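Several structures are given next for inspection.
Each of the two complexes below includes chain A, the first together with chain B, the second together with chain C.
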Partner chain A sequence: MAKLYLELIRMRFLSMLAYRVNYYSGVVIYGINIGAYYFLWGAIYGENGELGGLTVAQMTAYVAIAWMSRAFYFNNIDREIAEDVREGKVAIEMIRPYNYLAVKTVQAFGEGIFRLLFFAAPGIFLISLLIPFRFPATLNNWGLYLCSLVLAFLINTQINLLTGLLTFFLFRNDGIIWAKRVIVDLFSGLVLPISFFPGWAQTAMGFLPFQAINYYPSLIFTGAISSGRSWELIGLQVIWVLILLVPITLLWKRARNRLVVQGG
Partner chain B sequence: MQPQQDAMHVIRIFARYMGQYFKTRFAYRTDFLSDLFSNLVSEMMNLVFILVVFQHVPFMNGWSRDEIIFIYGFFLVPYALYSMFFDFWDFNERYIIRGEMDRILTRPIHNLAQIVLESLSPDRIFGVITGLLIMGYAAVRLDLEIAWYDPLVFLVLAVSATLIYGGVYTAVAAISFFSDSKTGISPMIYNIQQYGRYPVDVYNHVIRFVLTYILPFAFVGVYPAAYFLRKETWYTYAALTPVMGVIFFSLGVLIWNWGVKKYRGAGS
Partner chain C sequence: MIQVQNLRKEFRIHQARPGLGGAFLDLFKRTYRTVKAVDNLTFSVQTGEVFALIGENGAGKSTTIKMLTGILTPSAGDIRINGYIPYKQREEYVRSIGVVFGQRSQLWWDLSPLESFRLLKHVYKVDDTEGERWMERLIDELDISSFVSQPVRKLSLGQRMRCEIAASLIHKPRLLFLDEPTVGLDVLVKQKIREFLLKLNETEHTTILLTTHDVSDIEALCKRVLVMDRGRLIFDGQLADLKEKWGNGTQVSFQMKKRTTAAELRQVLGRMPCEVEQVNDYSLLVKVSHREQMLPYVLSTVMASFEVSDVKILEASTEDIVRNIYSADSEVASHG
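Coming up: the complex of A and B.
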């Protein structure tokens, strides 16, 4: 079984290599976004030395690392699942001797590894030449960051699985997929560090899994927190992974019983 | 056919398509509602960004919170209008890869009009309403003076801005006629478009130049909105909006027609 999944990761990795146009446009899009927020934050800071506990230099570094983390955890498997359901392919997938959701997850992982190696790593190196940037000082901190990043990937993928599974019940859910993407981008701390939000909002977001997707790994990367606190955050991420397994299992069970293939 | 009759003909077809559209939408009511809801959520998220940021600073490069909110509200109106008529996001896949374009070419009305008809989404009118509400909120807080002709000016500016979007995305969709593979260019343009929501003087001059003359998204947000905010430095640009609208929409249609001539068919 492990061999099958490894092969699936490899295949997705290779197919990412084959679709090079997507790769180039992806690079440009991340460049555009990081650039936009770089200027926006510059204007927002203006004369202010520090906002929300971050200096302007820390903020630009935060924006850069947040987008680079996103390159790894981001995937479109919700859209892929929706398409499989709508086109009826999911019926074939279900009779195959593997777990459909696990397949989607490892495919997303293959995609993530591709973007981490060919995209985020060179990207962050380039950025570090352009703006003042500090990498984690110790090997230990690097390890913590990578640990947290993998968990972030798992949580984001779980949320995508959930959104994708909704297609079984709603038939068309492009709107929800899009809204989910915007919500995750905002509440994960990608465009705004969570520390910028007012206190009551921060409390509310503590009950949601989104900040575990980006804010936690980014905090660990910047070295703004002790390694004890880093372990705490990683622990929280693990808890979220476990919690999210529950609705996925339930929805998947129900989805299999009520699959309606539209003209598949 | 006489040109006048021709126009009437298109309008009648338009009405028919609208009818069909609502029938299909109401067949899947949850989907319809969830689309409305998700659009609203995406529109609100950007507002949240502005609100949170301005809890920490009073001004952004000299622009106040309510001014930025006003610009965002204005931006939503042409954005919703454009996505009502020119939503060519999946044009490549829907028409080129699947060979549907061949069917379009056999239809009696102009091919672009036919495609606009098929991708109409009248429910985006709610986006216009959201935009107007946000603008209204900001206008009241800013105590903006509104002259009797301002609604008219607004209409002209909003329609011109929509034409800019329409032109740019028509041109982007037309690229599919020349290259039959996915180019990934529309997500790219979409991301650049996000820059138009904020005052352009925030960015460096290269980006400002691009947003003014190459992909003139600044004319969809900050320039026309500056007129209502009575920012006189930007009046010339605000006045240029209709000109840019006509130029870019014509360019879009020209590129489209040229593309259709080059089109050889790709489907099976």
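Coming up: the complex of A and C.
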């Protein structure tokens, strides 16, 4: 099985390379986003040394790393599943001796690694030249961050799987996919660190999986929290991965029974 | 090898109300209609058989194939193939089957078929040396070596379909499903594919099930035919029996040396249950429904009584038969 998954990652890697224009425009869009947030936060901070528990330096690092983390965990498999279902390609997937959702996850992982190497790594290097930016000081912190990042990828992918699986029941769910995208970007702390939300909102978001996607790994990266707290956050991520497995399994079972192959 | 019992599949179809007001009502309360796509299907198949599933569009062929391949879950009934229950043990089961959907590609569009074969070998964990030899044989016998390393999007339909068949056989399945494999192909490609399939069946004893609208496919490949109509199995048997059941019978055309009328011929044949038709003054057509018993009698009687210059025996083609089945009222067909 491992061999197959490696092969799938390789294929995804190859097809990502094939769409080069997409790749370049992606780098530009990420650059614009990070630049915009950098100047925006500069203006908001003004004379203040610290806001919401973060210094200006930590904030800029937070913005940069939040977007770089996104490069890794972000993927379009919800859209791909929706397309497979709508065009009836799911029939071909079902005659293969593998788990469809596992294969989708692995493909997303291939895409994630591609973006991490060719998007995030050069991007973060360029940014570190332009704006004051501190990498984690110790190897330990790096390890914690990568650990948290992989879990963030898993949680985001699980949410994408859930959104994609809804296509089996609704046939058209473009609206839900768009809404999900905005919600994840907002509630994961990409646009605004969670500590900047009002108290009641923070409490409510504590019961949702979204901040485990971006806020946790970014917080660990900036070094604003102790390593004990970092482990706590990673533990929470693991719990979310396990919780999200339940609805995915149930929905997948129901989807298999309800499957209608479109178009003959 | 294949055992199907009382197989049934129902779909719930949303019934849209007409007009703008109807569309508005649909937002709040939808009405559904249950459609029986497959109704009480029972049959079994031995290893090494080649058989066709035919029927009009919408007769339930594709739904049946999708249930047999483990894609769809039946509403009721049992399926057992190669010792597996397809929809329950899908991942183990699909290793023993190959599937070709004529209307849907399983090759990766941007990659060459060779790359796709490579990935499929990983998917099915095909043993390297033996798998390599088998793949070379497929490439050789399907005659695809000249274009197997071009991207799929640059291949013609005939080239692609041969690659699709190779892809479905990479793991040497014991059972091959072909869903309309020859749609839109030219005669030469069809011929190639048929020859390949026959050889495959002969040397590897692969069981082959195909659905088709092309009668020549059936004649070239299959001994056994299943006919479906509106979800039900209305015929299961040999191709020859199918002809007997739905054929218009055999027609004998007589060319006489003297002017002969239908009435004269009728008189000679006496009370034989056959139809006589006048084509022109010298030639007549006799329609016989039960070939074995009546044909010799008709021939000898007519030859003894008239001076005949030429005799032609016209047999109903499978194409005519299929047309008869498709156009027959389903009431008649199900009792027939």
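The working rule: the second predicted complex is superposed on the first by the 263 of 264 C-alpha atoms of A that agree within 3 Å, B and C clash if a C-alpha of one lies under 4 Å from a C-alpha of the other, contacts with A are read in each partner's own complex, and residues count from 1 in each chain.
Here is the rule we use: a residue touches a chain if its C-beta (ideal position, glycine included) is under 8 Å from a C-beta of that chain, and two chains touch if they have at least 3 such contacts.
All values derive from a computational prediction rather than experimental measurement.
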First (chain B), second (chain C), both or neither: which does A:18 touch?
second
Touch test for A:26: chain B only (first), chain C only (second), both, or neither?
first
Where does A:7 make contact in the superposed view: on chain B (first), on chain C (second), on both, or on neither?
second
Who does A:256 touch here: chain B (first), chain C (second), both, or neither?
second
I'd like to know which partner A:40 touches here: chain B for first, chain C for second, both or neither.
first
Winner on chain A touched-residue count between chain B and chain C: chain B
Of the partners chain B and chain C, which touch A:95 in the superposed model: first, second, both, neither?
second
Do chain B and chain C touch any of the same residues on chain A, and if so, which?
none
Which part of chain B faces chain A closely enough to touch in the complex?
28, 30-31, 34-39, 41-42, 45, 48-49, 52-53, 55-57, 59-61, 181-185, 187-188, 191-192, 194-195, 198, 202-204, 207
Enumerate the contact residues on chain C facing chain A in the complex.
11, 62, 66, 69-73, 87, 90-92, 94-95, 97, 99, 101, 103-106, 108, 110-111, 115, 118-119, 122-125
In the complex, the residues of chain A that touch chain C are 3-4, 7-8, 11, 15, 18, 88-89, 91-92, 94-99, 256-257, 259-261, 263-264
Which part of chain A faces chain B closely enough to touch in the complex?
21-22, 24-26, 28-29, 32-33, 35-36, 39-40, 42-46, 48, 51-52, 170-176, 178-179, 182-183, 185-186, 191-192, 196-198, 201
